[in-house]
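You will see two complexes here that share chain A, one where it goes with chain B and one where it goes with chain C.
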Partner chain A sequence: MLKIAKSKLNDLYAKINESMGLFIPVKVAGEVDYRVWSEGKEVSLETLKTVKSPKSMFFPQTENLMKFVKEGKNIEIIDVREDFDQRKPFVLFGVKACDYKAIEVLDKVFLADPVDTYYQDRREKTTIITTACSKPEDTCFCSVFGIDATNPLGDVTTYLDNDYLYWQANTEKGENLTNLVKDLFENGGEEKVAEIKENAKKVLDCLPFKNLDLSKFKPENLNELFNSDKWQELSEACLACGTCTFVCPTCQCFDIRDFKTNKGVVRFRCWDSCMYSDFTQMSHGNNRTTQTQRFRQRFMHKLCYYPSQNGGLYSCVGCGRCVNKCPQNLNIVKVIKALGDK
Partner chain B sequence: MTNETLIPKVGVITDVRRDTPDVKTFRVVGTDGKKLFEHMPGQCAMVSIPGVGESMFSITSSPTNKEFMEFSIKKCGCVTEVIHSLEVGEQITVRGPYGRNFPVEEDFKGKDLLFIAGGIGLAPLRSVINYVRHYRKNYGKVTIVYGARSMDDLVDIEEIKTEWVNEPDFNVYLTIDREQEGWDGHVGFVPSYVKELGLDPNMTAVLCGPPIMIKFTLAGLLELGFEKQRVYTTLELRMKCGVGKCGRCNVGDKFVCKDGPVFRMDQIDELPDEY
Partner chain C sequence: MQEIQAKMKARAKELLESGQVARVIGWKKGEFIYDNSPATFESVEELDNFVYDYFCGSNLSKYLIAESKKPGKTAVFLKPCDTYSYNQLIKEHRINKDNVYVIAIECLAKLNAETIKNLADGFVTGVSVEGDKVTISSPYGEKVVDKKDVLLTKCSTCSKTHVAGDEQIIVYNFEKPSTDRFEKVKELEAMTEDERFAFWRSQLSKCIRCNACRNVCPACSCVKCVFDNPASGISAKANDDKFEEQLFHVIRAFHVSGRCTDCGECSRVCPQNIPLHLLNRKFIKDINQTYGEYQAGEETEGKTPLTSYTVNDAEPNEVVNGGK
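Entry: the complex of A and B
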């Protein structure tokens, strides 16, 4: 275990930034969100719910996939991945346990055969530093999904108290990073870290959503849950704004579109939302015509379809962003409570 | 650079055939003049015109055709409208194949087969039917019931009239929705025609067409004694990636792009009603 005084953290960021990019929660317009670090930015590792999750590190909100140049009748396809070689390695710093679990959820989609090479390249070039939660909030419910907020994994795990950041490398990538920055650190902190975990566990034990019951959300109950008459009432207030999907660390639905430029066509992908009315619109019809159907799709996917496809792993990590951000105060907690009743 | 499924290949249109007022069949090869990739009957491909969009189509030609691929495409949306304006020599992009095929080498072998199609629904079935013709001795009797709105809407009628009807142990039944001058064949909807024909329920059936036709035809087949475990169909939902990642084409916990598009009726029964 290593430790560094919090007053010296800027030196750590600067050191990492010398040879790698650094993506870290910083204060932006009164909130905290992940940004590329640069000197002068105000970092906040303590903030649990960054506005968006760090998923955009691997799955950016928009991303060019390829280009097409047309000459007469001929089409030339330009593979933009050739630029990948020039991409420098990145450090993703400050990832909380829930968001780290969410990366595993995304991996099972993007790294499943056939591998998404755009995601894979970013994933491989990134070293992830997690930060244990010292003060879980009332809207947190990661423990419901078996996540330990006090002990996240990742390439490096860090812990915070008032004065120090404690640093523990877990993987080869983490060791390599540690070697790069170890001059800034001193040894010690095991006892302090045990204390930090202990205190955080006490908070976790008092959280209001810690007893959410997921036992009903099993693949064998798929049709029963789907056909529940509770969806209508649950979804009635939904505005279809899509905020929940954009702040969600596991939402991964995307659109692929073309953009015409003076120098040809760029094909890009961008985040999309199953909450939108044209998500499944085809020229000959739409299989989800009501907001109730679209609302049901989102929660059934997280609590039933995804687990059915991925060995029981839920596609919700209890980060609580949707609880905070939905303008109509709808969220997955209400869904679990309403449908989880036995 | 490792292979990326989202990056297509360039295809050249070598033939355009107008099948019906709103269906054209496009013959496509690679820029080297060879077939773009191999597939099995029932599989699909993403066809695109850069700058316009990309859409999923079933591959109409049989895999036994080693020279080219064909796509029968109905003009019904923004991408298909532009595809319909393409001429011989123009280029498009194609990627695939995607999805699970009809079990032509497994469950279909040695069986008497019944193909029921409505309108453009013949497109995916043409691939299977021509595959069965190619390996004729591996399969039993073949019965085809095909219907469309009018005689002008029967896709690929030339091949049906000149080749399929002359195939040994092939019975082809055509029908159109309403009486029409110059048509001396059957008139009526596919589901009722299927019931009238009193088909042998021991056949393995493959259905493809508009959802309403599938629904009523299936009911008719069940009345005749067909078992759902031996009735196949294909589903069609909006797709973007084709490989189960974009999150668009799921019905319950199945993705039509990779778990389908071919499903058995008993499998469809287990899915939530949202397709």
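Entry: the complex of A and C
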């Protein structure tokens, strides 16, 4: 175990940034989100729930995939990924246990055959530093999904108290990063880390959602859950905005469009939301015509369809962002409670 | 506040039991003390979850677009600010008012759950309001703060009184503090162009294009928004900071100007807490200066500054200069 005084963290960020990019929770206009670090930015590792999750490191909200440039009768296809390949490797710093688990959920989608090479590029080039939660919030329920907020994995695990950041490398990637920055660190901190974990566990024990019952959400109950008459009431206040999907660390849907510019056509992809009326629009129209159907799709996917295809792994990690951010306070906890009754 | 809730609940029960209305739109309890949701109650049994307290900030008027088209009458509880949106929607022929029964309710100013959560380090176990003080309890400690510091933005400068209502439920005759709703707009106006650009650039760089501001907005009642049209040729879903982030919100504010009642829902729902209402207020302020004082939603009929012409209208160059 290594430790560094919090007052020296800027030196650590600067050192990492010398040879790698750094993606880290930064406060901008009052809100904390993962952004590319540069000198002078206000880092907030303590923030549990960044507005957007760190998934945007691997799966950015908007990215250009390729360009088409027409010259005479030829169309040149330009692979814009070269830009990325030439970039330095990245360090993703401050990932909480729930968000780390969410990357596993995304991997099963993007790294399954056919592999999404855009995602894969970034995944392979990134070293992930997790940060254990020391002050869980009332909307946290990661333990329901078997996640230990006090003990996240990743290439490096870090812990915070008032004065120090404690650092533990877990993988070869983590060791390599440690070697790069170890001059800034001193040894020690095992006892402090044990104390941090113990204090956090006391709070985890009194979280209001820690006993959420997921046992009903099994593939064999799919039809019963799908046909429940509770969806109407659960979704009635839904505004059909995309907040829940865009703040969610496991939502993975995207749209691909071509955009005409003065210098050819750019093919881009951007996050899409199953809450939107034009989501997965097909020639015959949209296969989900009401907001209740769209709302049901989102939660059925998280709690039933995805697990049935991925060995029982739920595509919710209990981060609680949707609980915090839904403008009308609808969320997955209310769905689990309403439908989970046996 | 509990007295208001009791009266509202009793009235909802009467209206449903007597068959005068088929449904009542109000709020239902959430999982915490701060996360009530809008809800439709169609039976007396459903009223068990009925709630009205300091966390009922949402504006229910827009739900009437759909609900007023259903068979039977719909009763709705509207706070003072919500009645302006209601009137405006009637003016725009979006609500069938013959099918609506409005119960105007006292507000007492609503609290901002997010501000309170931040003060409680994310773990709220209790909130109590005593006069102008709010006590927030958390496993991490207890805090007493001034109520004015934890209000929803839209409530902190509100001076509205009801402009619609078939009946009223007023218990306390709550006196609203007199504040200048244009204070922040004036601060922005006093900035240099570069400073103002930097302010909005920083705020709008947070936008995640979730469309919550648009979808909650009572003035955004188009059946199909132009931004949802896949054939529009614009990258509406792309979170591109060259065009969308800077212009989407400005375009939207232009589009609702003259119709925006300043209900403040856009800023309440924004997951990134972008002060979108300031764009709308800037237009309201300019309209007031250029065409004379006008409050959208005050009337259900009549001409509006931007949709009528008089020979005394300001010349374009005056308008360009913001009426100055």
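Criterion: the second predicted complex is superposed on the first by the 336 of 342 C-alpha atoms of A that agree within 3 Å, B and C clash if a C-alpha of one lies under 4 Å from a C-alpha of the other, contacts with A are read in each partner's own complex, and residues count from 1 in each chain.
Convention: contacts are C-beta pairs under 8 Å (C-beta built on N, C-alpha and C of every residue); 3 or more make two chains touch, one makes a residue touch a chain.
This is a predicted model, so every value here is computed, not measured.
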- Message: Contacts for A:110 in the overlay, against chain B (first) and chain C (second): which applies, first, second, both or neither?
- Response: first
- Regarding the shared-chain residue A:68, is it in contact with chain B (first), chain C (second), both, or neither? first
- Message: One more residue to check, A:195. First (chain B), second (chain C), both or neither?
- Response: neither
- Counting only touches as set out at the top, which of chain B and chain C does A:224 meet: first, second, both, neither? neither
- Task: Answer with first, second, both or neither: which of chain B and chain C does A:163 touch in the superposed model?
- Result: neither
- So, does A:268 touch the first partner chain B, the second partner chain C, both, or neither? second
- Item | Contacts of A:255 with chain B and chain C, given as first, second, both or neither | both
- Determine, under the contact definition given at the top, whether A:205 touches first (chain B), second (chain C), both, or neither. neither
- Item | Which of chain B and chain C A:281 touches, first, second, both or neither | both
- Note on the structure: Going through chain A, the residues touched by chain B and also by chain C turn out to be 255, 257, 260, 272, 281
- Message: Looking at the complex, which residues from chain B come into contact with chain A?
- Response: 1-10, 50-54, 76-78, 80, 89-93, 236-238, 240-241, 243-253, 270, 272, 274-275
- chain B partner contacts - residues on chain A that touch it in the complex: 65-66, 68, 70, 73-77, 79, 81-82, 109-110, 112, 114-118, 219, 222-223, 226-227, 252-258, 260, 264-265, 267, 269, 272, 274, 279-284, 287-288, 293, 297, 300-301, 304-306, 308-309
- Residue ranges of chain C in contact with chain A within the complex: 30-32, 35-40, 58, 63, 114, 117, 121-125, 139-140, 202-203, 205-206, 208-212, 214-216, 224, 228-230, 233, 235, 237-240, 268-269, 271-274
- Item | Residues on chain A engaged by chain C in the complex (per definition of touch) | 28-31, 33, 48-49, 51-52, 61-62, 135-139, 203, 206, 208-209, 233, 236-237, 239-243, 245-247, 255, 257, 259-260, 268, 270-273, 276-278, 281, 323-325, 327-330, 333-334, 337
